[in-house]
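The structure under discussion appears below in the form of structure tokens.
Should a chain be cited, it is by its letter among A, B, C and D, assigned in written order, with residues numbered from 1 in that chain.
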């Protein structure tokens, strides 16, 4: 049996994954469907879409961008080789749990100053990124103060219950990936795309 | 209401995300804990760890690698700038739902020929990648024939039930991310790492 | 003074950079202008352009792709997030000194089988990649047998003259970058683009 | 013959590449050998080395990092997956022609605040990045006011002579690549590394 770690109750793989599963299940219920529809609307209206995020949030941003490309959207990842300039009429989608990642907030500010719409996926709507955003999709993760079920998340963290499960934001990223995949499913329905359409655009050279 | 899409029952965001959640919940139960322990063992024994995957599986591989780095492991992503040569004593972890992604299978073969251990995360243990692997962590996704609950997955796909939800492998990647995050939680317990240890290694320049 | 290294004559920074400069100057003269024109023709005709290369050649490929994007071409880097499928009418430009890099040759073969034109930048026209190519831009580097001036390159390598200067292909990559920048300059002239046009497309979010 | 473009004299590939070659030859002479030695000293003293740059300068940074890894240095690219935190005793090498790239300057500031040494490769020593730097390797490119040979570079730009040749900084990046490859050659001599040593570390999985 693994060492007892700071009183963490997750003492085996089965209990660890069970706690992650519980968090997914609980948090999914808190997603605001109106925010999802608002995000879908700006996606459908955008000339070009740019996604961005740092660290693991950046990977979720890329996973979302890949699917948007499969759906035929004109989508780019900030910082990749052939990503062009943002222009009025474009949409930037930024993913940041805390909403305070320095370079992400800076790039959102630059984009905003060019008349570009900002959509954000964040746990903190009142963050620097949140304040710059036209559309906010709140995804609860490690940064939210109030946790589902009336109990305070920070309190649970202090008790160590989620400590080894949520290092540096795991839950936020998994949840963002799940939520954005559901956004893709909804988008597919809205534009009438089939899996065959997606397959046709799926990268061959990889 | 969105257009009816090939008889897909997911007609709204809420029902879409509910179906994804169900799949996560059902599939998590099928993870073989012995395979998890075997993967953890080869990770702990490896001199250097290399992760690889194509497309969205590659993003999951990177998310896993980031956490392994936070835990202090000597870990690299195949194809990144400062990734060195694999050598005897190293471990390659390859992520591929089908286990047939050409470049991934080729690189696994090259690594194998150098005496490197191969761990794979795949839906198809009998695939090219699976056959090259010393340790297989099976994660059911779109490629498995038999689905949890006795019903045939392909059949459900044909009925269109999961069609717009699982384009090109969604469920595999989300599940792999969840499972590998639980592997990290377990690894943290085994080596006695705290969230503070992880934070100390978390990238500052991003 | 640095240690004498295998008889390498480059004993100081000044002499090192002087030798690199000499190689650039000599090799530039050997570029076949007809091959450049042929490459420009297929670039102008392509629906979409995909660039690819491994290691430092991959970086040169990206530097070239960035400029093509600035010029308004529909260009992608193989393996990046939003790179779509190759289709008939597209062009793949592969950069490989030896022309034998496994994944690059494999992807060229896949692209070729889909009716896509292959342009290559290589030192070895008779290589696997070269044989798959419709247009070859030969750039002499470490892999060429005959070196400018009648002397055998391998011989000079054996003598150690270029040993520490050309580790794993330096000269090929620098030369490829210079040659492809000149291709861009020529393309700008052909399509009548100005630096202002390029600036307008230059990434803002980086 | 291509359209006459704003009076640019480069009317063919041969003349374009000739002008690039001339710029390389002239500018190489202006590199300060003392700055090279200072950069080599901080590289040899660093615990970990981090390179960074945006756009094409970022590609040059990666090309340099790849070689440093081949030489056995503990080197990382800012923003890549397994790049750890910078700490006191580390070195950051930033590449930016203008020295004003926002995210690069910000990251240099963050690193500086952690007691990390900053080395920069830039055309403008008096820039934001330059002012943050402990070691500056000046590489003349498009941003320098005075050009080799007594003539004002801006003037030559206004005359259009270099216009289509130096879009958004070409010359700076080519020169930086050449100069940093010569730094590698010098480093090889200093530490007594052979091409065989480099080959042993060259990526196998790519």
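Going forward, contacts are C-beta pairs under 8 Å (C-beta built on N, C-alpha and C of every residue); 3 or more make two chains touch, one makes a residue touch a chain.
Treat the numbers as computed from the prediction; the structure is a model and nothing was measured.
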Original post:
Listed by label, which chains are in contact with chain B and with chain D?
Top reply: A, C
Original post:
If you tally the C-beta contacts, which comes out ahead, A-B or A-C?
Top reply: A-B
**OP:** Can you check how far apart chain A and chain C are, centre to centre, with Cα atoms defining each centre and the answer in Å?
**Re:** 37
Original post:
Hey, how far is the Cα centre of chain A from the one of chain B, in Å?
Top reply: 19
Subject >> Touching two or more other chains - residues of chain D >> reply: 62, 66, 79, 103, 107, 110, 202-203, 206
Subject >> Touching residues on chain A, where the partner in the complex is chain D >> reply: 79, 102-103, 106-107, 110
Subject >> chain C contact footprint on chain D (complex, rising order) >> reply: 2-3, 5-6, 8, 10-14, 16-18, 20-21, 24-25, 28, 31, 33, 36-37, 54-56, 58-60, 62-63, 66-67, 70, 101, 103, 163-168, 170, 173-174, 177-179, 181-186, 188-190, 192-195, 198-199, 202-203, 206
Subject >> Touching residues on chain A, where the partner in the complex is chain C >> reply: 50, 52, 62, 65-66, 68-69, 75-86, 92, 107, 110-111, 114, 200-206
